[in-house]
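Got a structure for you, written out below as structure tokens; questions coming shortly.
When the chains are written out, they are named A, B, C, D, E and F in that same order, and each has its own residue count from 1.
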Amino acid sequence: MPTGELQNPTENGTEEDAWVWTQIKMEAKRDAESEPALASYLYSTILSHSSLERSLSFHLGNKLCSSTLLSTLLYDLFLNAFSSDPSLCSAAVADLRAARIRDPACVSFSHCLLNYKGFLACQAHRVAHKLWTQSRRPLALALHSRIADVFAVDIHPAARIGKGILFDHATGVVVGETAVIGNNVSILHHVTLGGTGKVGGDRHPKIGDGVLIGAGATILGNVKIGEGAKIGAGSVVLIDVPPRTTAVGNPARLVGGKERPSKHEDVPGESMDHTSFITEWSDYII
Amino acid sequence: MPTGELQNPTENGTEEDAWVWTQIKMEAKRDAESEPALASYLYSTILSHSSLERSLSFHLGNKLCSSTLLSTLLYDLFLNAFSSDPSLCSAAVADLRAARIRDPACVSFSHCLLNYKGFLACQAHRVAHKLWTQSRRPLALALHSRIADVFAVDIHPAARIGKGILFDHATGVVVGETAVIGNNVSILHHVTLGGTGKVGGDRHPKIGDGVLIGAGATILGNVKIGEGAKIGAGSVVLIDVPPRTTAVGNPARLVGGKERPSKHEDVPGESMDHTSFITEWSDYII
Amino acid sequence: MPTGELQNPTENGTEEDAWVWTQIKMEAKRDAESEPALASYLYSTILSHSSLERSLSFHLGNKLCSSTLLSTLLYDLFLNAFSSDPSLCSAAVADLRAARIRDPACVSFSHCLLNYKGFLACQAHRVAHKLWTQSRRPLALALHSRIADVFAVDIHPAARIGKGILFDHATGVVVGETAVIGNNVSILHHVTLGGTGKVGGDRHPKIGDGVLIGAGATILGNVKIGEGAKIGAGSVVLIDVPPRTTAVGNPARLVGGKERPSKHEDVPGESMDHTSFITEWSDYII
Amino acid sequence: MPTGELQNPTENGTEEDAWVWTQIKMEAKRDAESEPALASYLYSTILSHSSLERSLSFHLGNKLCSSTLLSTLLYDLFLNAFSSDPSLCSAAVADLRAARIRDPACVSFSHCLLNYKGFLACQAHRVAHKLWTQSRRPLALALHSRIADVFAVDIHPAARIGKGILFDHATGVVVGETAVIGNNVSILHHVTLGGTGKVGGDRHPKIGDGVLIGAGATILGNVKIGEGAKIGAGSVVLIDVPPRTTAVGNPARLVGGKERPSKHEDVPGESMDHTSFITEWSDYII
Amino acid sequence: MPTGELQNPTENGTEEDAWVWTQIKMEAKRDAESEPALASYLYSTILSHSSLERSLSFHLGNKLCSSTLLSTLLYDLFLNAFSSDPSLCSAAVADLRAARIRDPACVSFSHCLLNYKGFLACQAHRVAHKLWTQSRRPLALALHSRIADVFAVDIHPAARIGKGILFDHATGVVVGETAVIGNNVSILHHVTLGGTGKVGGDRHPKIGDGVLIGAGATILGNVKIGEGAKIGAGSVVLIDVPPRTTAVGNPARLVGGKERPSKHEDVPGESMDHTSFITEWSDYII
Amino acid sequence: MPTGELQNPTENGTEEDAWVWTQIKMEAKRDAESEPALASYLYSTILSHSSLERSLSFHLGNKLCSSTLLSTLLYDLFLNAFSSDPSLCSAAVADLRAARIRDPACVSFSHCLLNYKGFLACQAHRVAHKLWTQSRRPLALALHSRIADVFAVDIHPAARIGKGILFDHATGVVVGETAVIGNNVSILHHVTLGGTGKVGGDRHPKIGDGVLIGAGATILGNVKIGEGAKIGAGSVVLIDVPPRTTAVGNPARLVGGKERPSKHEDVPGESMDHTSFITEWSDYII
């Protein structure tokens, strides 16, 4: 994979998007040839389609349908959304690239497209969010419910999510109604961006660009996780975390101390460094 | 919504129940008219039914069925249970009201009825529990398994659960065999009410009325969480928590200290205040 | 149940396997007779099959199929795997015995075979792992994806897992690509055996024989959890844990202290003692 | 089988009906025991049900459902119809007896109940007819359409049909809107009771009691087929046929001649003698 | 219904088509209101769609799909065909009008659209035919096979069919590869337009405009059925039939005799007079 | 296609069978490449399978399954039958060759394998017949019922059928319990081989080798249709037909007269000449 090209996912969107779709088809073709038992699946989900939009619409329609919400209805819904709003497809490509670069277990774009429940939930969420902003709320909520049932990923359709997002493993992720997630964020499974209680209004976290949130972290309330911050696995965070700092523990503390927290240079949402802060975590005493 | 009427969910059960069903039909009618793409779904799940019992039985039967447990069988099972035990329907209405009052993201009763996996899992559990008490254990366990697969909510059919329960988001909730949950309790996702090991007998938590358990909290063993207590998100609780106190952290400590814990006046299971105790949580030092 | 026989699950594999299958049929027969509504399900999943391999292949094929991955294809895949590698069936029997002995809520072998999503996910994973080792990676990953969707259990097909494993409740379990799990291990729900970031290579935990990992524990990086160790619920572990010691908390500390940790005699993965270490956990101060 | 009892199907309706249901259960039990591969099917369709009404409702609901007309909806529809009108069940029993007595290939009541598309189409028609008479015509026509698709039996819901009917093989049967069929009639496959053209009103055949209509016969217009008449296979009949006479050929002629047709003593709809009139059919000259 | 407007179905195609679609929606709306049990079906098949093309594509996709040919694939196929070729939709409207005018049992356009297997088979055939002419023969034949399975209507995709066609009841219709059917033809069920044997080439009947073919008629070979001719039910026709004459019987003879056959004035394919020729059919001697 | 090889379908069975399977794979490969929309279908039904037996078992299992008779069960049943009795596969190959040679509309072996309902019904019948002879009658009858529902082809499982059979179009074919069909027979749609009434015993037609039976012919009773005879379309036959003669009409007469019927030289079941006898049919006077 020409890593150089992958470095600038936001430039030359259309050209890049086309390149990624070409890669996906090549991967699927190769896999279909090497594994006849999977060929039918690869043709129906990827190789029979003329574009990423159609492939995604088909795949999501068939994944999310139920006996009372038919695949044809959902397919139509997705296809209309992707056709009328090219930014949805660009965001999908940015997410595919994020998974491909950041997750060493992601062996190909098609692997992510077909198999990553976090990726699929995120793309379906973007369509639900679009419906929400169009005041088609009952439909958005019905779609939300299907995503939560099928992928165990529960993102409120009102939540705003950027591009280049990696929901890794994704099971159990909960993102509340007024949450905002920036660009190039990586979020592991069981992460909660939750609210503060029964009062409405703006009550969920705001996640800055490039943030990394470790598995099982719980962030509650209208708090701000600064750009490039890192939230350790299992942390419980209830107040703001400054940019490029690391919060760990339950209750979460800043690595380096509240007064002079250590600042890192990298963008954790992209570098995905989960554990190097261990040595700085004084309380970790095994 | 006439909030006043909503305050006393346990009085005038039947009348209240009828009122809620009427509201649900009105909401669904309005949504079907504004969103033709969803009308078919709304008619099949709500508007074609003459009662909440039938609507719920239909919806649960179609959600929980599989190729080896047919929807007609499950529909029959639910319908028989709801018909023969009116308390199941009253409990469902109490839960609908709980979601509607406590969760600001719950925009309507029908939204909860159709889309809340925690609500649906809880109603299906109540039927499984009824089967369990009738010594129809293999059937209860098969139903339990379907609920765990479809909703990722794993409540042992022997567990006893009160009314006015809100399982918010619900993914990952695990409630063990001898657990008991009181009335008007609110439980967030990833909460575990777990056992102590391989010895049988009474080994799971007892949750008092009005308790609030935050996301990801783990409560293990035959411990008593007193009435109106609050368990912070991500807490790990292994011993009793007194009434109207707050336990937070891993391991959990009482806010205000073991000796003179702070006592709150509200009923957290109803007020849903997740985070106001932050300022009192001395160790929270970001 | 003749507990004596159950003590040595690894001896006389074939004979033991046959005995367990006979028990399963007896249990299913008894349940079918007492509960006509469930008889169809019990005949299709168990009683119509001539062997545990066929029953499991049928059950997994029907559980994991989707509109694009047909049950007949999956059934064929499972049947071929189980037929060509008897160790898969022995491992399944060892897991059935593990559930039956260690989980007091497991009332019968057939209960586990039919209803335990952890058990089913583990058997399907073993087949995916076999495909992975045969370089049929796209198929292994497709199967992995289905397991993650249906059971909310996400075990990378490359991960190596021993025998006599109990994934209890199982929802939310994540096991990374280079993780290794020994024999007779018990792992509760929401447990993560995760990686360290975006660099490939050997980057996931190694779990020794007889380990018990409590609900919601997160173990990250290529760390070694020694034989017979116990990881408390909700712990976050990022470095090695010595054999037969107990690590608890976030960040995790050794019970008894880093220098002279308490050592226990039992095999926690088998004894399933989740909570007796409470009294030794000095920080636990409610 | 006690043939004596079978002779008077209309007496002691309820008692007879109960006896037939008992027989069906015994047959299904025997077959389930001898053929484990079929046991699941037999339990789901017959042995798990407490009455013939429920068994039929389940079987028809699952046979006639489609992705847009769910099995639960149809099951409900059938169950309500059978519960509110006992004559529907009596008619079903009379039809079961008719098949059992008249068709030597009918080895048991359960064989007919499960497998005879003519029997199943007729029972579903009776429910569609009931809906028609209740002015629920769109629903009646939707059901009619499903019967025509699934069984290739096309009986207009307005057509009136008696009891003790055998539609043998049944594929291709067409019965028009104003057709009337008496009691104890036997009709082979590809039989048409058709209309005269585009003018509405009473325009289809009236079939008397005990008539036998051979395979492929076409009867058009508001003509009267007298009681106990026999219509030869492949006949085209456009005018009245007197009682207890035989019409054969295309165009149909009376056996014995128009002036003095041969009259038979038996009731052909019950005796099912298709071919003994050959010798009297002078034109038959091979 | 303004019958006057219905007389000239071929003029003002687009306007007429729009009027029919409006009628269909009104009918469906009325029926949904009067019959809640059917409302879900009517919304999913008609009321949620913005055009007849989309409604038909949805309905055919869901009717004709199978576990190996998914509804989303077929929906896409139909939608593309209807969108790219408006004549397909005009033909559908002409067929709807034909059914509405000629069949007294056709109570509404929506009744025909939803329930007439002949209508649905014909529209699906037109798409298969289009694929055939585009040299997409394997796909055309796969669609042909689904139509034959689901509707028991077997029209070779190469057969050419005009507009204003009524396939009444339709079960068992067989139309061969080189058959041609003109405009405003009415064909009853079990009609065969068959070939002459194993030699290829032009070997099937040519049916002129306005022809009426009665139930069960068999027409074999490359024969010409002249414009406005009438073929009696059950006839076997192997040579040409002159325009506006009537052939009846097996073997078929011309009514009025071979030399001076009676000529009728009406267009039988539109007038649908099946039986008035009886009195002229000298051999009909019952 | 090397026609020479096709002439002797019964020699070198295994080698021929392998050659046909190779052809089928080549055809499917070619079609998958030219039509991506169909590739998924072609891979799942043909290209993913290692043998004709497996392909047929998969295809029949998915075609004939229902919500109460699962595809996995049927797949298993077919696979076991085909594996244990190679003559079933040889017969299938002989039937494929029969369709390919005799039907000019049969463009390839794969076309027949995938799409010919007569071919598929016949192969499924052979398995049902095998079950019948093994005294697994309830299962044979359940399979019979599915074939009759899905393909509208109703062949009693006790009926004996030879090899090299072409059921062309096939809809509406009915073959009774004691019927026997020889080798190299061609039977068109709507053909009935029916019984004589309600008395059991040997009561259905015996069809000799090489017979051709035209569309809609009805043959009733234990009559013998001699080797190489031809039955005209729409004929009604109730007594024996001598070898190599032609019977036509209703009632059927021998072409050439009863005393000195014309004898033909060809084998009509193979030559498929439906209509050349017209000129000899004196009564055919249009």
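Everything that follows uses one rule, which is that contacts are C-beta pairs under 8 Å (C-beta built on N, C-alpha and C of every residue); 3 or more make two chains touch, one makes a residue touch a chain.
Keep in mind the model is a prediction, meaning the values are calculated, not measured.
The fewest steps needed to get from subunit A to subunit E, moving only between touching chains, is 1.
To overlay subunit A on subunit B by their CA atoms, one rotates by 120 degrees, a value rounded to a multiple of 5. Of all residue numbers that take part in the contact between subunit A and subunit F, over half occur on both sides, making this a same-residue interface.
If each chain is reduced to the centroid of its CA atoms, subunit C and subunit F end up 51 Å from each other. Between the Cα centres of subunit E and subunit F there is a gap of 28 Å.
Between the CA-based centres of subunit A and subunit D the separation comes to 59 Å, rounded to the whole angstrom. Within subunit B, the positions touching two or more other chains are listed as 37, 40-41, 44, 48, 62, 67-68, 70-71, 73, 152, 171-172, 190, 216, 234-235, 250. In terms of inter-chain touching, the protein chains here all touch one another pairwise. Per the touch definition, subunit A reaches subunit C in the complex via residues 31, 34-35, 37-38, 40-42, 44-45, 59, 62-63, 65, 71, 101-105, 107, 111, 114-117, 150-152, 169, 171-172, 188-190, 214-216, 232-235, 248-250, 271-276, 278, 281, 283-286.
Subunit B meets subunit E in the complex at residues 32, 36-37, 39-41, 43-44, 47-48. Every residue of subunit C that touches subunit E in the complex is listed here, in rising order: 67-68, 70. Those residues of subunit C that touch subunit A in the complex are listed here as 66-69, 73, 76-77, 136-139, 141-142, 144-145, 148-149, 152, 154, 156, 171-172, 174, 176-177, 190, 192, 194-201, 203, 216, 218, 220-221, 234, 236-241, 247, 250-254, 258. Those residues of subunit F that touch subunit C in the shared complex are 44, 48, 58, 61-62, 70-73, 75-76.
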